[in-house]
Amino acid sequence: MTDADTDTATQSRSEPRGVEDDDTAYEPSPDPLLQVRDLELHYPITKGFLRREVGRVRAVDGVSFDIGRGEALGLVGESGSGKTTTALSILRLEEPTGGNVIFDGESVRDLAGGDLRAFRRRAQLIVQDPNEAFNPRMKVGKAVAEPLALHGMTDEDRRRRIVEDLLERVGLSANDAGRYPHEFSGGEKQRIAIARALVLNPDLIVADEPTSALDGRVRADILGLLDDIRREFDISVLFISHDIDVVRRFCDRVAVMYLGEIVEQGRIDRVLSAPKHPYTQVLLGSVPSLDPTDRTLPSPLTDTIPDPADPPAGCRFHTRCPAVIRPEEIDLEPEQWQRVAAFRFTVQAGELPESIDITGSGPIDESTVRDALDLPERLPDQGIDDGVASAIEAIASGELERAGEILEEGVPTVCEQSVPESITVDGRTVACHRHDETMPGVADPEIMKPFR
Amino acid sequence: MTTPNPSTQTTRTDSQDHPLLAVEGLTTHIETEGGTIHAVDGVSFQVDRGETVCIVGESGSGKSVTCESLTEIVPQPPASIVDGSIQFDGEPLHDVDEAFMRRIRGNRIAHIFQNPQQALDPVYTVGDQIVEAIQIHETVPETTARERAIDLLRQVGIPSASDRVDEYPHEFSGGMCQRVAIAIALAADPDLLIADEPTTAVDVTVQARLIEVLRSLADGGMSVLLITHDLRVVAALADRVLVMYGGTIVERGPVSSVFTQPSHPYTQALFDSYDELSRRSDRSARDEIPTNGCRFRNECPHAVDACAEDDQPAFHAVARGDHSVSCVHYGPSGDPDAILEASRDARPVTSAEVTDDD
Amino acid sequence: MALIDTTVMQQDDRSSRFEAVDWDTVDTSTRLWTPERVTLLAGIALLALLYAYDRYVAHVYLVADWQVQTVDWVVLLGSVMLVAYVGVPIVRYRETTLRVLRSLFTRPVYAVASTLLGLFMALGLLGTALIGSAPLRYDYAWHPPVGMSIPMAGGNCYGEVTQGDGVTRYCEGTLSNYPLGADHRGIAMDWLVVSGARTALYVVIFTAAFVVPLAFAVGVIAGFRGGLIDDLLMSYVDVQLSIPAIIVYFIGYMYWNPSLLLLLVTFGLLSWGGIARLVRSEVLQRREAGFVMVARSLGGSRAYIARRHILPNITNTLIPSVFQLFALLILVEAGVAFLGFQEWQAFSWGTTIAQGVDFEQVVGGGRGSLIEPHDYWWVSTLPALALSVTLVSFKLVGDGLRDALDPRSTN
């Protein structure tokens, strides 16, 4: 790469962060390096010696995004959201069960022979834990040279030259090539991991939580190094992290995953400063503020993360969504609706809200439950009130499952009835019924205030 | 080396005149093949009743060893507690026999750790483990203990506690396991809970719930000594903060004061690492931490010759309350404004500030 | 990514990429002719020639008076494999070898054990070739070792003969002939100990060349593949672990008479299940490790990953258990031989020990006196000593190698 190339790269880099381009919807970059389309990876759940399939874990379920050349995309979500599986499927370390990954115009699935080897050179992986990123029995010089050797460079002197140069570039010394991984600290190992990822001149680096095992200034150092390097060499990065701070600092765009699906995706400045999907709002709100006087921590409707083998129908987040949509015909105050919905989804998850789980102190009666749930003796909506009353009755007689069924029927929401389409709102795509104006129901936006 | 601010002593409104925990000059060494590591090097602090104190620092700063030295759960060898006095509720905790220490550990000082799955025994139900913890503490019938166990589970926010009490640890998620670990720690109704990075291994949404649990304990009057590297967790939980570096405390004070005016160059560097704009790429990949003078001087942008003299500098008051800092620039001959000024550009951006509500 | 052309490279621009590699010019075909493979093929070719020569030209004796039997051919094949895949890498990676040896020899106990093990190997390999074969010389039966004198049993004596009570004559041991004494056939004890070492070495070579690789292969395949293949392989191992090898050996014994090959095959091929299980569990533990994921993302094949990343990392548990297996099979061979179910011409240590503790014997012709096992103690003691020292050495060297191979323990 020439100087001029580098210059234009850094320039074009600094611009997207500005806000001068208004509300134009997010558009996939015109010449993306990586296109992921409806990526799907279902693990079969098998039983018995013959491995009969009895179910599927939908680890990744229809994920689509683009990464432009030189762009860094952050993939965030809780553990179990499928972000790592997505990354591994892109690199063909897991075989996707559906969808397509297009790298530089070619479908990764169809690559073979020399083309596959070229892909393996151009897309590199950095793993999470620096302590297990290296073979403990292999000197780091050899480890960094391994990609070269694996791809057929037999000239040992040339390999050593490249490796020593790289080690110095990532802030270590050429002498370190002769040492074993255990002689380095976590931060140093991650520098070596970066060197190894660079040794084949990649165009894409998939970094799976590269800084989550590090803390404080070392984390900032590694992030800075990675940032310098990707800008200098114009490398695209798929950056997987659960740490919003790190993603905010490093990435150009972010995609938020929940239970195998992307719920919101767009530019960092838009998504992280004004999240539109309730899940993104909950996720961002859960990060404590650095201001000790601001100690509010909003919580989702329920804490139970659904089983990915049996994800909720419709919008997958609706069982935990504080902004779950109230049917127009149900006449409740927003807070009351939220409490009733929380009651329904907690019971349906097979649990009792902790406030009414009063064992040993006699049978559960309706008024204690209503007190505990902060519901009035009579709800203004007759249908809901009847549903809640008979659900409490069922709980009192120990039939939690039946209570769930009653509530499912009595407390409906459009969120569970259809899968939300991805809509472009305010410069990012969101998959949420609240932003779909054709959806019936009331989104009660004021409920979401504490989450922003 | 410590000069407790007399005003803080008198402002305590506690019924007793001594703090719950007072540590003075604690020094712990760890023997390795490469030589002796001064893991904790003369650390003094105190924890009052009902107070949440956070020790914040990076890995290797000695914050965990400090807390493990208090009840001597740090493995000895390779570690050895070479010096220091520890007063717990007015009684010495150093130089006591093992039996006494065991009573303290189980009953009055409880520990929880980063990885809760390791703290729980996989072959017993969580109920059995809490009941066991209760019955070590006091002789109560099985049924009473079981009811208490369910109460404790509910107290730490586990739904359907009466059903889940009979489940095994592997049936709980990481965050739920941490709650169970807290419930076990609470079983003996301790005076002090030492929590070592309790939220590091869990997701932010789970962390938020655990923070609420810990906060409700503190509100209930329990003293908490929290160890973390995450300034955000500190901001969410602490009453007072101790910043540790290289086995010594470099800054201490009320959380509001430390977070509005981080004063030690190291504390400032820690806050910088949260800042979007700062980049410290000039920092060398390896640094030796000296064992005398100011431990931070090799990495300090403001280091002067005086930093290498004697031991870790004395504490000097910075601002209001008992906010003080161990740095020569805050001494009689120093110029603290220069340091505070230098960091002002890089004030931490809180998530509230970057949020533009639409 | 556009590759840097040489003019840009010459500007030595820090912001340019470190060094461009034109991958189209780099030979990406995997190398077919590794030194290991060349050695293996050359060895097998040589062996084939020898076999043909033995079959069609030499007939009875291959060299000198060595009658090569099936078991010898099998062990020779095993040796070729070991030379190719253990010997050649040892020479190729001299630095590593030297580092491991250095750290092995820093602990005196491992140094002594390694030296003794080296001596055992040398004796087993070269011993019989150097001291030739031993004729039966019954007239020198129970000739005493140097410094001992016992009632003469065979009628002949190299040392001084002294007259005892009645007809008993005492024979004095000599240094020049029978320095370690002789057994009841007049075969020198030094020759017997060396022959026993050779038999034991046969066991080790067979195990190392055939049993251990089989265990590794099964363990790695089961661990890597998982699923049905894993289930099948591990169920087979379970079944195999429940078959007592000694009964299989006895059944074979009834058909083919005692034979070292039969013993090696039955015990060797029924004893690898434990190691296979161990390898499998270690592979399962490590196949998700970061460095394995990275190697896979670089396009490393399963075989490459197993060889380069898995095997070197499971030596901590495997080296000791492999050496334990060597020791166990040597002991089993000696035990079976001790019970008398081994061909005596193999001169196993077990056979010799058994003969050394045999019932009391009448010596000196018709009027002879009684001689009891404790009178000729060296016949049992010397091979027993050799056996024990060998077993302990194997055990210790296994532990020593485990430590020496771990870079974390050497620093």
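Per-chain residue numbering starts at 1, and chain names A, B and C are given in the order in which the chains are listed.
In this text, contacts are C-beta pairs under 8 Å (C-beta built on N, C-alpha and C of every residue); 3 or more make two chains touch, one makes a residue touch a chain.
All values derive from a computational prediction rather than experimental measurement.
With respect to chain A, maximal separation of chain centres occurs for C (centres as means of Cα atoms). At the centre of the protein atoms shown, by the Cα-centroid criterion, sits A. When chain pairs are compared by their number of contacting C-beta pairs, A-B comes first.
Each chain gets a centre from the mean of its Cα atoms; for chain A and chain B, those two points are 30 Å apart. The geometric centre of chain A is 55 Å away from that of chain C, both derived from CA atoms. Within chain C, residues 411 each touch two or more of the remaining chains.
The touching residues of chain B, counted against chain A in their complex, run 57-59, 147, 150, 154, 157-162, 173-174, 203-209, 211-212, 215, 229-236, 238, 255-256, 259, 269-274, 276, 278-281, 283-286, 348-352, 354-358.
Those residues of chain C that touch chain A in the shared complex are 1-4, 8, 13, 15-21, 23, 26-31, 227-228, 231, 289-291, 293-300, 304, 308-309, 312-313, 315, 405-408, 411.
Residues 78-79, 171-172, 185-188, 191, 215-221, 224-225, 227-228, 242, 244-245, 248-249, 272-274, 282-295, 297-300, 303-305, 346, 350-354, 357, 359-360, 426, 452 of chain A are the ones that touch chain B when the two sit in their complex. Contacts from chain A toward chain C in the complex involve residues 1-3, 5-6, 49, 51, 88, 91, 93, 114, 116-118, 120-125, 127-129, 132-138, 143, 146-148, 150-154, 158, 161-162, 165-166, 169, 180, 182-183, 196, 198, 200-203, 206, 232-233.
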